[in-house]
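Same chain, two partners: subunit A is paired with subunit B first, then with subunit C.
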Partner chain A sequence: MWDTPYPWLIPLLLVLAAVFLYPILQIVRLSFTDANMIQVGYDYTLESYLRMFTLPGFLPMIGTTAFFVFFSVVFQLFAGFIVALLIVQGEKMNLRGTVVVRTSVLVAWAIPGVVIGVIWGMLYNETDAGIINYALSTIGLGPVSFLSDPTMALLSVTLANIWRGTAFSMILMYAGLKTVSKDVLEAAVIDGASALQRMKNVILPAIAPIILVNLIIISIDTFNTFDMVMALTGGGPGNSTEVIALSIYTAIFREFNLGEGAATAVVLLVVNVVMTLVYLKVLGRRGEE
Partner chain B sequence: MKKSISIGMSMLVIAGLAGCSGDNPSAEEKETLTWYTTAGYSPEAPSAATSDYISENIESFEKEHPDMNIQLSLQSSNIDEAMARLLEQANTGRAPDMAAIDGYMLDRYKEYLQPLDELMEERGLDPDDYLPFAEKVLRGDDGKIYGLYMSTDTRMLYYNKEVIEEPPSTWEEVIEVSNEVQKEGYEGLVLPLGIGEGTSVTSLWPLFWSQGGKLVDKEGNPVFGKGENREAMIRTFETLDRAQEEGAVSKRMASSGRENDANGEVAAGDTAMFLGGSWQAVTIEEILGDDFENWEVASLPTIEEDDPTVSSAGGWAWGIFTDDPEKKEAAFDFLMDSFISEEGMGEFTSIQGSLPARTSVYESDSYNPGAFNDEFLTSLETEAEARPGASKYNEISVQLQTAISQVISGSKEPEQAVDDAWEIVTFGESGESE
Partner chain C sequence: MMVGAKKQRWIKVGLYISYVLVVLSFLFPLLWVLSLSLQTRFEVLQVPPSIIPTSFAIGNYREVLDSAPVLQYLWNSFRIVASTVVLTLLIAIPAAFALSRYRMKFKSQLMVAVLMTQMISAVVITIPLYRLFASWGLLNQLWLVVLVYVAVVLPFTTWFLKNYIDTVPVDMDEAAIIDGCNKWQMLSRVLFPVSIPGIVSVVIIVAVQSWSQFVIPFILIDDASLYPVSVGVVNLQSTQTQITTHLLAAGSIMSIIPVVILFVLLQRYIVGALTSGAVKG
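Now for the complex of A and B:
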């Protein structure tokens, strides 16, 4: 029995079960209760789910989250790739300062979400004290309602999140680009492939697995983002920037509604798992081809 | 040997956690008095003056009570979270011996709190000395007093009298005055109308209450969306919406949820009036320097001229959970000396820049009144009401903040917003949403 690796995995399984599986099961269990943080005891019920799916607010929340995640992920992937490509090209050309660029981009990734929310809050401030609005006023424009107009607020929050996530995306893309074989690239050049052709037929296929991992990580990260949104808009104005993760926080910590918060958390978990499976299935298969 | 040491250690830890509520192992050993408080009311307070004041009080308490040892545990800076945790502890019999409780929530804890009438009488503390709203909060259904209100605050209209000669007393006048001052390059009225508790207590409840509206009934069930209450709430929303549409209130208020957000607006220099809390006077004074002389406060504007002015008061109270007579008395002594006696409350609220919850303290030599002290006291005595302590309150408040923010940002009409909030709050309650 000791010849197999399984006994050695037992401690890991125990730890995973205790810190990962157990909390998830608890959340699922709580989502079928009417538990709140003010009274002891609870009953098992489907009310939390019924409430969530039938009340006004659920569909707008899904819509807001979908917009936020879709545009965040697309632009983080794109911007991350462009920055990484620039750094790699810079290194190839022995340009000075590539390390500085890499490090300074990384700083964005190291700043806590709440701080990012506060910083962007200063930028977006709608009085003359707001940095962007002040800049606009010097050329006779503005003020722009960055945070008090429902549509602008969602755009503003998404833009701040793109800025925040680009750094991480860049790190992965950079790592991916560094693995592209120079020989193959040289061979492509000798074969007369144009820059676009090299990108399409050599670089992108080579880093496809990294792009997939990047896509999964930043998608999940964006779905789970609430700290930055909370600091920047608190979900407002109205609930125009209330993404699923923030709604969980509001339900549990501001309305003390544990059952409903847990039910929303289960929905978020299901969305994350389904999305990951779809990515793996669709993109993973393409990668193999 | 090792085993017995570790058992001994665990016993110690358990005894510490339970606040030694069981039998005292030995009369000579110190009893632990567990104290659950916010950082601001503890020796860990960010302000050095507060921290020194409380540390000194703990020291002198422990000198006077050599058999008692205060064990401090700090609350989360998220008040809602801290209060929920305290309730959970009380629910499961693990409550601390004494704790700081957000004033309006005291009602939720009354079944676990000790009545303090006898101790108050012994120390000559007359419940009638409390501000009317505070006494109402402290008194249980059985007529007994269940807490010690310490500090409070109220909401008022701050205005720059250089720009505004006569402060507006109705919303009709607010619109008029706002539009006038805007011609001179100033902002209209600044007030929180976004997501945050400041919106509820400063902008919504005073208007709603002054029309006789009730958020919850006596049993704590929501009623704000029924009958006359619904009418009053819709009128409150319509009034604020009209002010925004007529340009008296900027649309960007839909993204401001705290009273303190006005501080930044004042610092920007073009604010002529705002609705804010009494504690902001200190900050505004710091921001404006000598220009602060031009500022005054007035009662919050009402919808109709004949409506009574209502303000909302907040603040903190202390509750004693331990039923051990000795510890209860010790806890009472400590709280009384540090925060409740004329001297204690006077000194402490002066350091904090908050307002005393007892009327006599305003006359006390220990109290160092700040700007607008008389106006604040009048407001507290005649206008102030506390939020309902009902367990549904937080949900009601969050939903109505969201609703007004939707109205001001233009995504919903007042009636629709109020009805949607009502539907969410009363979901699943039979007959409620009809």
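Now for the complex of A and C:
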């Protein structure tokens, strides 16, 4: 019996079926109903989708999510790359302190999202006792309404998320940069390539696959972000920082509208699946190289 | 290298300046909260704010411990994370072994399906589970919560360990079979010991992810005595007001201090674990 692969895989398949397959089928089914969290019965209908797409809040929510994901991902990639480059360069030159830099960035990865939300909420304190506003006031700026102005709040949430996600992005970039061959780099130096040319023609092509993988992983993570935003703004003021994962929660557990929340969840599910397919395509290409 | 000594020195200076900036931007938020946690409620409201607390109100910590069961939250987190790690390994190691060592139909399709689940938002799966558990009267069951945590980390763990076992030469299996080992002995006595570094990587990553997990316990647990620390902090936040920032700060510091200490002590292994995962995965 143990000479076939199946018994070794059964526990894995059972757990995944119970915790993923069943809920996904349920959420798709519920999205076609008018179920709510108060009454038991429900009817099948397309109402949830029709209402979701025509609701005045839907397009702004998608816009908020798009802004949050796009700028989080771009800046996490950029900041992660720069910090990793600085550390790798310092290690090459045997500088002291690279470990301190690496560790202080990494610590952000170990802090639960809700605690990050709470911490940034304190930094963004809008009174004069708030540390960022105080710092701005010393150079004659502010006070800034970090969390009470709708546009500013979205920027503030995105900045906090960039801070949070840079650690993970940095470590992937760091791993990638470590694999760049020293010989090739030295050959490029001997050929008279400038630092910029080495970056463009040697380093970036070598780590392009890892940048792509990083891009996809952090995009998916950011799409699914819920905890940090909830602790920092709760989606407000108004709905100005209500990203998609949070709006699903709000629809179901605050407005008790299960059908509509499920329909939004299906939208997020489709995003997740499409991004996974892109990821697999990238991985497949990596495998062929 | 052909870079002149003078240029070399300027590069060093530039690197050090950027290091200071990077470390400041990552540590400052934490140090500021640490500072707030040691200020009295009057000092918190003072303008200009004091970077280094003058009151050094260590009593804030006692006050938080008296009003909120932070130690209980930490203990709950620890229990949940430890059970998750153990159960995950028990399920993922045999599965990774099978995926690495057996030929089977639809293997690549199965691997893709497993990876797919990795990408799905926890909020999407937790809502139907909440309905199911609620209808069975099974909310607030930590073992069920652990099962959901395990499912969330299993896809990554299985992939990672499968890739790790792939790097172990098949010759070792054959030698074990010649020595009269059955498959179980081969896994436990031969492959398990040589896979320890990979398993350590997985344990670190799973532990950090599970420690941070929020949406699953937030929805599936409503008994405050079972909250893990992430939900506990949100609970603390909702009961606090502007005037008690110093207490919320103290609670936040207590909730992250165990992990931060662990990270500083183990940073070498953690970086190793993450980088090896990134290159192989």
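The rule is short, and it goes like this: the second predicted complex is superposed on the first by the 256 of 289 C-alpha atoms of A that agree within 3 Å, B and C clash if a C-alpha of one lies under 4 Å from a C-alpha of the other, contacts with A are read in each partner's own complex, and residues count from 1 in each chain.
Following the convention adopted for this analysis, a residue touches a chain if its C-beta (ideal position, glycine included) is under 8 Å from a C-beta of that chain, and two chains touch if they have at least 3 such contacts.
Keep in mind that what you see is a predicted model, and the values were worked out from it rather than measured.
K.L.:
Would you sort A:Q39 into first (subunit B), second (subunit C), both or neither based on which partner it touches?
P.N.:
first
K.L.:
After superposition on the shared chain, which partner residues are touched by A:G235: those of subunit B (first), subunit C (second), both, or neither?
P.N.:
first
K.L.:
Kindly classify A:A153 by the partners it touches after superposition: subunit B alone (first), subunit C alone (second), both, or neither?
P.N.:
first
K.L.:
Return the chain, subunit B or subunit C, that is in touch with more residues of subunit A.
P.N.:
Partner touching more subunit A residues in the overlay: C.
K.L.:
Does subunit B (first) or subunit C (second) touch A:E255, or do both, or does neither?
P.N.:
In the superposition, A:E255 contacts subunit B only.
K.L.:
Which partner chains sit in contact with A:L12 here, subunit B, subunit C, both or neither? Use first/second/both/neither.
P.N.:
Only subunit C is touched by A:L12; subunit B is not.
K.L.:
For A:I207, using the defined touch cut-off, is the partner it touches subunit B, subunit C, both, or neither? Pick first, second, both or neither.
P.N.:
In the superposition, A:I207 touches no partner, neither subunit B nor subunit C.
K.L.:
Answer with first, second, both or neither: which of subunit B and subunit C does A:A84 touch in the superposed model?
P.N.:
neither
K.L.:
Given the touch rule stated above, what does A:D128 touch, subunit B (first), subunit C (second), both, or neither?
P.N.:
Both partners.
K.L.:
Under the contact rule defined above, give the subunit A residues that sit at the interface with subunit B and also at the interface with subunit C.
P.N.:
125, 127-129, 253
K.L.:
Using the touch definition from the top, list the residues of subunit C that touch subunit A in their complex.
P.N.:
1-2, 8, 11-12, 15-16, 18-19, 22-23, 25-27, 29-30, 32-33, 36, 44-49, 51, 90-92, 94-95, 97-99, 102, 104, 110, 112, 114-129, 131-132, 147-148, 150-152, 154-155, 158, 182-184, 208, 211-215, 219, 229-231, 233-234, 237, 245, 248-249, 252, 255-256, 259-260, 262-264, 267-268, 270-271, 274-276, 278-279, 281
K.L.:
Any idea which subunit B residues touch subunit A in the complex?
P.N.:
78, 80-81, 84, 87-88, 91-92, 108, 194-196, 250-255, 257, 264-265, 267-268, 270, 391, 394-395, 398, 402-403, 405-406, 408-412, 420, 423-424, 427-428
K.L.:
Quick check: in the complex, which residue numbers of subunit A touch subunit B?
P.N.:
The touching residues are 36-40, 47, 50-51, 54-57, 125-129, 145, 147-150, 153, 233-240, 250, 253-257.
K.L.:
Given the complex with subunit C, which residues does subunit A contribute to the contact?
P.N.:
2-6, 8-9, 11-12, 15-16, 18-20, 22-24, 26-27, 30, 83, 86, 89-90, 93, 95, 97-115, 118-120, 122-123, 125, 127-131, 134, 163, 171-172, 174-176, 178-179, 186, 189, 210, 213, 220, 223-224, 226-227, 230-231, 245, 248-249, 252-253, 258, 261-262, 265, 268-269, 272-273, 275-276, 279-280
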